[in-house]
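In what follows, structures are represented as structure tokens.
Two complexes, one shared chain (chain A), two partners (chain B, chain C).
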Partner chain A sequence: MEGKEQSKKKESWYWNWLIGSVALRVILVYFSNNLNLASRPEISTPLTSLRRLAEGYWLKQSSMSPYAGSMYHGSPLLLSLLGPLTAKRIEGQPDHILCSLVFVIADVVSAMFIRATGRNLQIAYSQSLKFLDLVKLSEKSDILPSGDIAALVYLWNPFTIVACVGLSTSPVENLAIILSLYGACRRIAPLAAFGWVMATHLSLYPVILIIPMILLLGYGPDTPPRKLFLQKKYVEVGDTPSNDRCLQEEAVDQPELPYVFSWRPVIHFLFWTSLWLVYVLVLCGVSVKQYGGLWELFKRTYGFMLTVQDLSPNMGVLWYFFAEVFDFFRNFFLIVFHGNILFMILPLAIRLKHRPFFLAFVYIVISSMLKSYPSVGDSALYLGLLGLFVNELADMKFSFFLFCGYIGVSLLSPVMHNLWIWRGTGNANFYFATAMAYACLQIILVVESVSAMLNHDRKLRKLSATKVLDGKT
Partner chain B sequence: MGDSESESEAPKVKLRPIVRLGMFLISHSHLLSVVCCTAGVLTLLLLPLLAKNTYISENALMPGSANPMLSSQEVSEANGLVKDLTNLDLKPMASGIESQRLIAQYMSNLGAEVSFQKFYPQSNQFHPLHFFSSPDSATIRENISCSSFGLNTVGIIRAPRGDGKEAIVLVTPYNSEKIGLGEALSLGIAYSVFSLLTRVTWLAKDIIWVVADSKYGEYAAVDAWLRDYYIPVFSGLGTQYAEMCHGLEENTITERNMRDGFKRAGTMAAALVIKVVDRSEQFEDSLSIYAEASNGQMPNLDLINIVNYLAVHRQGLRIKVEKMWSLLNCKWLMILGEILESLGHLAKSLNPQWKFGIPAADYVEGTATLASSLYYQALGIPTGPHGAFRDYQVDAITLEISSRVSSNNKGRQNDFLLRGGRLIEGVIRSVNNLLEKFHQSFFLYLLTSPSKFLSVGVYMIAFALLVASLPMVAASLYAHANNLDPSFEKNKSNHPASAANELGITLRSWKWLYAAKKVLVVHLWGAVVLLLPYFICQIPNCTPTTSFVVWVLLSIFSLLILFWILGSPFYYVNASQPQQREWALLKSVTISAAFIGLCLMSVINFATAEIGALLMVPMCLMAHPLKLDVKSRKLRKFSRVACNLALGFIGFPPTAFLVFKGVFEGFDGISVSDFWNWLESIWAWSSATYLYIGMIHLPCWILCIHVILHPC
Partner chain C sequence: MAHLPRRTHSILLILSIQICFSTIFAVFGSVFQEEFSEELLLKPLPDRKVLAHFHFETTAPPLSTSHGRHHHLFPKAIAQLVRKFHVKEMELSFTQGRWNYDRWGGFDPISSSNAKPPGVELWAVFDVPKDQVDASWKNLTHTLSGLFCASINFLESSTTYSAHEWGFHPSSGGLRYGTLPREAVCTENLTPWLKLLPCRDKAGLSALLDRPSIYRGFYHSQRLHLTSSEFHSSGVESGIVLEQALTVVLQHNSHKMSKTFSSETKLQPSWSLSSIFGRKVTGRCVLAKTSNVYLQLERGLVTELENLQKDNMITGPDHVGSGGLKDNPGFELSVRPEKIFNEVNSLHRKSSSVLYEYSIERYSVFEPFDLGLTWKFPVVWSCPQAPLHSSRFLMGSGNQRGTIAISFISTGLEEGFLSANIGEESCKLQADIFQVVPWYIKVYYHTLRVFVDGQPEAITNVVEKMHVSPSEDKVSPGVMELVLKFPCAVKSAALTLEFDKGFLHIDEYPPDANQGFDIPSAVIIFPNFQTSMHYLEDNSSNKSPMLSKFQEKSPVLSYTEVLLVPLTTPDFSMPYNVITITCTVFALYFGSLLNVLRRRVGEEERILKNSASKKAGRLPQLLSRLSAKLRGKEWEPPQSPSTSSSFISSKLILKVLIVAGVAVFWQYYSE
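Then we have the complex of A and B:
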């Protein structure tokens, strides 16, 4: 009874905070003209800027190619979805208020999906702990509802708020990624496939998420290493007659044991992926038919991302480098920089294959660190997802340092930009220094979170080993 | 900050060097922080010694390479203007617009393009939101009364060899309602140069002469002109005001000229503001240079160098920059200077190569100049109309020439006009040679004398040393607060299998979140406090003292409300946990916040950060709960208590301000209203110092006081 009341209280607490975040967003949207966030290079990149999208829409309306000039580089589907909204003005309200409201809704929906995913992950986690007989630990995991925490971290993260209010399309991109992860977690193949295809279509980099998604669909959500289960099973089979309870438990848990790779959802997923892919391509093809066709589209969107044509300053490290590099080395370094992301995929996939969702998180951090036009919206996504692992990463190192670093860099970056662009007393190095500090912070975050996760696995193994020994004696 | 945490893990394994270095720093943080702080203060005192001589960095400038062409012919023409202006002033019924018309007449006689610019004075307003954006045309224009307007007269010479893309600006502010002799003379100097420049063949940049109507303040006039120059109003506001205020003006020549539109030349390479003040108490003509613009921005050092070079080596004027006069008679500074001088002699006798000693008098003078340089940069208020140019990235300085000229001494006046004119001519000729905008020399520097400067690389050392102790102490406090948990050590010795104890550990590394929440709440409160004066100003008939009192009361009230709303869960959560180390975590987070804030401020306005660090760093480092100190009855602890109380007293912004004011200007007649007035001035100029006081200094002070009074 008491527990129920407490959970109800928690529920209302969650909803209060959610409504609070929406209210804050709406207030900020109302003052968006004063805040002038849309012109910040940290928030709106050439790919996510709504101003560029409006320009593309205008070009399209005057029956020119939306990719004419070098203004718009996003998806044609987004153009036809958000474009009409950018053209609509309400008297007395800030410009683009309808788009801002769409972004607010996208954020809220993302948060809800994160919460649902978190619950799913938490159930899987406590189930596997129960199976390993580490019930005390699993009791503790009920104390921290990781889904709620992650959703609130996502909603109240200043980065998310700023990206949402600052008229960038990253809330929509993040929603697509979260949708795909949710679908994979729940093993809903069509949804997962849709999310993945949309995310890839919108921002290309989520293409690498196909590996964790296949693992998720095949193995199910994150669990401790498979070896533990095998060990446990072996021990239990060894002394089944002595313990009746174990047998029972085994019988209950047996069908859910996650160490078999089931191909069925994966095949489903691949089927649906191809279906959605064809669908999206056809839609795109129709919408850009008279402007040079699909090839032109790919060149103007993905080509623009991969060849780093726009060297205007942003939070990433690529613009500075490619502004400096000689033209004849350019192609080589383009390959090196993008290869950087690809190099890390396989080793990480092997090491973290038992935790596919965490693997997806790591991939997202790495790609948002090394992508060509990063923005705070990308950081918002991975910081939100970080909250999902609050139980596993509870003793992560350098948490305070990272916190201070993120605050410091996000305050210093606009100041350095002001010093360089408006006051003229600084130069590009000032701003790039903050970009490098930011990249370093992200590296530390990845390294520390992965090592904390592996430590957590180690701890579980140690605990279960002592359990097994206790059981034997 | 977190380096320490590796300590807990596997002590037998050989650690990486960087971790060992971090551990070393943390374990010796007390000693190191004391050393760093003292070194920081000492370096600050040594700065006048480290100043380098200025040099002209841009080769293209070539100051003084050509002979001045200004002759007595131009001077006599200028004399005519001066006489006409002073006569105009003597006439009782002269209308306001008469002098502008006269000057315009003189200008157009020279063949320059003349235009007028009408502007409406507007009060300075504080826009915290506009701090990081460009100067904005959409600034709120309120309270414009049509009857009060100023009229700037602008004359432009098109360069025979230029393409009209670049320009040099001369500004002479004068009060159109009452023209003093000094103002007339400054107009005379500018006019003599202007008339010369219409004839020369070497001019490659257009010359703009702005005769700013300083009826409503010099800055406002120049700022209004610049805003119109850079941010043209195509429709809407401009016509709206024209219509609004139509009917008040007679249809005169000026009116027709105004309709001709606003005349422009190219981008500005540099701007010179010329002022003449009459100081009869001085024996020789001297030149004061004012350079500080808003938020401690300075013009390129090369501009000051040219003026300095030409004035000293060509025209024989004495150059002055602002000094803190009260420091000149300081006993201890004199003693310090003498010690340093003798040290310099000693070093020289040991090795003739070492030359770092400067005479004690020079040292004191340098310190006084440096102090005033720091003070004016820290205030963030421009020291003259040149400040308006800096907002548009134009390098500008104010030249204030003081003379002993009286109107009846004709010869002396001619000589004065000749020298001033030649100086301006030389500077313009140098700037005219520029191929690009000023970029060679320094933008970030402090002056210790007109010909000595400290670059950013040198003065940053003092600040860095002062601030370096903050992250070290924060890390060590954090590490201790985490490692000294009693449950932790038990855990290691007992059997590690018990999951309940594991729970304690796992939450340990996120315990700082509560402290961070508290710090965040207090910083939010700082933002609220910053916004309060905006509302208090709306109250009519408020004396500064009552405003200040209202402000303080409202601040305390809002602090209580914030703690009631947001802060209460803090106590609730922590009641179950041991509070022993809670203050250490809080102090650690406070110090980190102070560190981030100071570093941020040092980028925005170095001088503010330096002065703030001097006040804040010792306070943050010393803060220790009184209760713990009083319990153990030792002399050392009591001295710490005394230190804490003293630093806490001096760290409070109003008391710090009043104490400093008292020290420099004498304690009589000081009241809290001074602080309010001072704050209002930096608030009106939207100085970043105001943001610093509210968002960084005050919250850190509150948190330090909280740590000192912590019930542990």
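Then we have the complex of A and C:
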């Protein structure tokens, strides 16, 4: 009874914070003209800038290709979705208020999906702990409601707020990614397929998420490594006179679940993926038919992403690199840098296949670190997802250092940008230095989180091994 | 008996041959002969300056009727160029200085066809299939570059020229337009230009072109206009017409102060050909068909002078002139004009401009022609203005974004004319804008705002027609063509367009990158206002080419200022640093992540055993204790295997950071 009340209290506490974040966003939207966030290079990249989308919509309205000129590089579907909203003005309201409201809604929906995913993950986590007979561990350290934490981290993260208020389309892209992960977690193949296709269509890099999604659909949500279960089973089989009926029942309940790859949802997922893919391609084809067709579309969107043509400064490291590198090395480095994202896919997938959701998180961090036009919206997504692993990553090193680093970079970056661009007293190296620092922080984050997750699994293994030994003796 | 017929026969034969030849010669000689004419127009300007407009015209007959590829007067280089690249029409201008539309006029043939934007402007119409136009343009730019010792070949790259639809010059699609605002124009461009004249600058009017005095001027623009009808499938064949015009605005720099009159207004400085050019005309170019010097007095000046004359008539009746301004009270000419023309103008009945003609055929080295004008009374007048005075400027600060604004201010001079002309409520003033912006100025065309009399106006109310071809990065410039219709009573209007500044690769910056980049002038055309000056001439057979050029109806046209946009520069000196540092970061990422993934438990324990045997460094221990404290957790000694199994380079990173910190500290304090 008391627990129920407590959970209710917690629930209401969560909703209060959620409403608070929405209110903050709406207030900021009203002052967005004064904040001038839309012109920040950290927020609106050539891919996510709503201003460019408005230009593309204008070109389309004046019966020109939206990709004529090098302004718009986004999806034609997003253009027909958000375009009319950019052109519509309401008297007495700030410009683009409708778009901003769409982004606020996208943020809230994302947060809700993160929360639902978190709950799902937590159930799987506690189940697996129980299965391993490590309930003591969970009781000892009081499992935190990671879903609520992640959702609130996502909503209250300043990066998310500025990305939402600063008129960039990244909330929509994030929503698509979160949708696909949620669908995969709940094993809803159509939803997962839709999310993945949309995310890939909008920003290409989520294409690598197909590996963790297949693993998620096949194995189910994150669990400790398979070896543990095998060991456990072996031990259970070894000592037949069981004294814990409950445990055995549960083991009978879902004996094969954690370590058997089930193909059914995966095949469902692939089927739905191809269906959605065809659907999206047909829609795009129809909307760009008179402007050069799909090939032109791919060249203007994905080609633009992969060849890093726009050298305007952003949070990444590629813009300055390609502004300075000698022309005859350009193609080589393009291949190397994009290869860097791909190189790590396989090792990570092998090592973290028992934790597909964490694998997806790591992929998102890597792609948002190495992508050609990163923005704070990408960071907002992975920082929100990081909250889902509060229990597992409790022992992560350098977390305080990382926290300070993020704050420092997000304060220094506007200052350096101002010095370079507006005052002309600094030069490009100042701003690039903050971008480098930011890249280093992300590297430390990804390395440390992977290391902490592996350590966590080692700890579990050690604990269960000692337990097994205890049981044996 | 036999004698007479034979003689008559031979006489008849000779006669018939003669007639035959004479007719042939008449055909070739009178109709299709290469012709050259030189003319100079002088015009006093209201701001104490003098405009000199040289006009040379060479014509060549069509290829079919001329003597093959041989030319007498016409420059062979130009003829070859026309034939090779199938140029239908072409104009090339080199300009230095800016035409002052306020003071030097904006509504006369000279200002609308000879006032050009600073630097080089080239446009050409080709008579080739559409897919070959670009290739022809590229070849043409290279040829002209060699011909005129200028960097016109920079117009070859597709980022510098544009093909537009209707904004600037009506054409059938074979037109290309390009400008180089930064081009410095000097004597090395003038010399090849003069070489195209049959007498070069050795004789005739072109001998006046003394380089120091020309380049000392306020404005000078040399123009080469080429029309050829060789490739017209239909229409009259007129061959190639090469029109070379040099417009200079000079000031006679006399140090002696002119005496000031009582009424504050200063007397205009008196000038003569020798005082402004430093030379006199020592006879005509013998190859020229006509060689005349004109002195033009503007409408406003004539009105002023007439008023002055009336005053003088009242005060002193001895100045009664029979032929209008023949005995002028305002000024005195050192040479008596041979003819005086009055402008025939139906629109401005009040007054008309006056043209004095001098033929320099009778002057020689011994009796040089030196026209001088001495003012007797101070006169203040103003030049005819375009209906709207246009200017363009940049708004905003910083190197990220900005706004281009084009503002129009009504000159008010044409108001009466307008109301008289149309006199209706729905009176509209049309202005066409043609603007080319380089690709690194990324214009957001959806941000176009129009303000009329300071109030924002809906775009559809003002913009009649709009054609935009947006710029493409490193491929093509952005072109905007607009037709605006303002109400006639408009006092001022403005257009604003927002843009983002682009960031270039270091190789794309010019050597003086911090000077900024130029946006070429926008062209403002008032198609409803035609400039034409028609002078009453006695014999129409011997028409002067310059005056017939003035008679052609052409819309009033003006160029706005060139804008200088500063762009942010990267650090040009450190590509190696950037490459190495970035690659280091990537290597750090790759290496450390792979290290973490690769580690196995057994190996780890071995390492731990090894490290346990050694004594752990004090500093890392201290730091980890500190970090644990900051995290608010109980510090565990790093010996426990669960926590210290992190990747090994974390300690290394810490050490590196500490060393770097010490270095920075040392650097800071040693200064």
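By definition in this document, the second predicted complex is superposed on the first by the 456 of 473 C-alpha atoms of A that agree within 3 Å, B and C clash if a C-alpha of one lies under 4 Å from a C-alpha of the other, contacts with A are read in each partner's own complex, and residues count from 1 in each chain.
Operating definition for what follows: contacts are C-beta pairs under 8 Å (C-beta built on N, C-alpha and C of every residue); 3 or more make two chains touch, one makes a residue touch a chain.
Because the structure is a prediction, the values reported are computed rather than measured.
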Query: Do chain B and chain C fit side by side on chain A after the overlay, or clash?
result: clash
Message: Let me test your reading of the model: by the given contact rule, A:Arg351 touches which partner, first (chain B), second (chain C), both or neither?
response: second
Query: Which touches a greater number of chain A residues, chain B or chain C?
result: C
Message: Just to be sure I read the superposition right, which of the two partners does A:Leu311 touch: chain B = first, chain C = second, or both, or neither?
response: second
Query: Is A:Lys459 in contact with chain B, with chain C, with both, or with neither (first, second, both, neither)?
result: both
- request: Check whether A:Phe298 is in contact with chain B, with chain C, with both or with neither, and answer first, second, both or neither.
  value: neither
Message: Quick check for you: in the superposed arrangement, does A:Ala439 touch first (chain B), second (chain C), both or neither?
response: second
Query: After superposition on the shared chain, which partner residues are touched by A:Thr425: those of chain B (first), chain C (second), both, or neither?
result: first
- prompt: Thinking of the overlay built on chain A, is A:Phe261 touched by chain B (first), by chain C (second), by both, or by neither?
  reply: neither
- prompt: Which of the two partners, first being chain B and second being chain C, lies in contact with A:Ser399: first, second, both, or neither?
  reply: both
- prompt: Touching A:Val325 in the superposition: chain B (first), chain C (second), both, neither?
  reply: second
Statement: Clash check vs chain C: of 60-68, 348-356 or 474-482 in chain B, the offending stretch is 474-482
Task: Could you give the residue numbers on chain A that contact chain B in one complex and chain C in the other?
output: 39, 395, 397-401, 422, 424, 459, 462
Message: Can you tell me which positions in chain B touch chain A when the two form their complex?
response: 1-3, 5-6, 129, 132-134, 297, 393, 443-444, 478, 495-497, 499-500, 502-503, 505-510, 512, 516, 588-589, 592, 596, 599-600, 603-604
- line: Per the touch rule above, chain A residues touching chain B in the complex are 34-36, 39, 134, 136-137, 140, 394-404, 407-408, 411-412, 414-416, 418-419, 422-425, 430, 459, 462-463, 466-467, 470
- prompt: What part of chain A is in contact with chain C in the complex they form?
  reply: 39, 41, 51, 54-55, 57-59, 62, 64, 68-71, 309-313, 317, 319-327, 336-337, 340, 343-344, 347-348, 351, 369, 395, 397-401, 420-422, 424, 427-429, 432, 436, 439-440, 443-444, 446-448, 450-452, 454-455, 458-459, 462
Chain C to chain A touching residues, read off their complex: 397-401, 439, 442, 444-446, 466, 468-474, 478, 500, 502-507, 568-571, 574-575, 578-579, 581-582, 585-586, 588-590, 592-594, 596-597, 599, 601, 627, 630-631, 642-643, 645-647, 650, 653
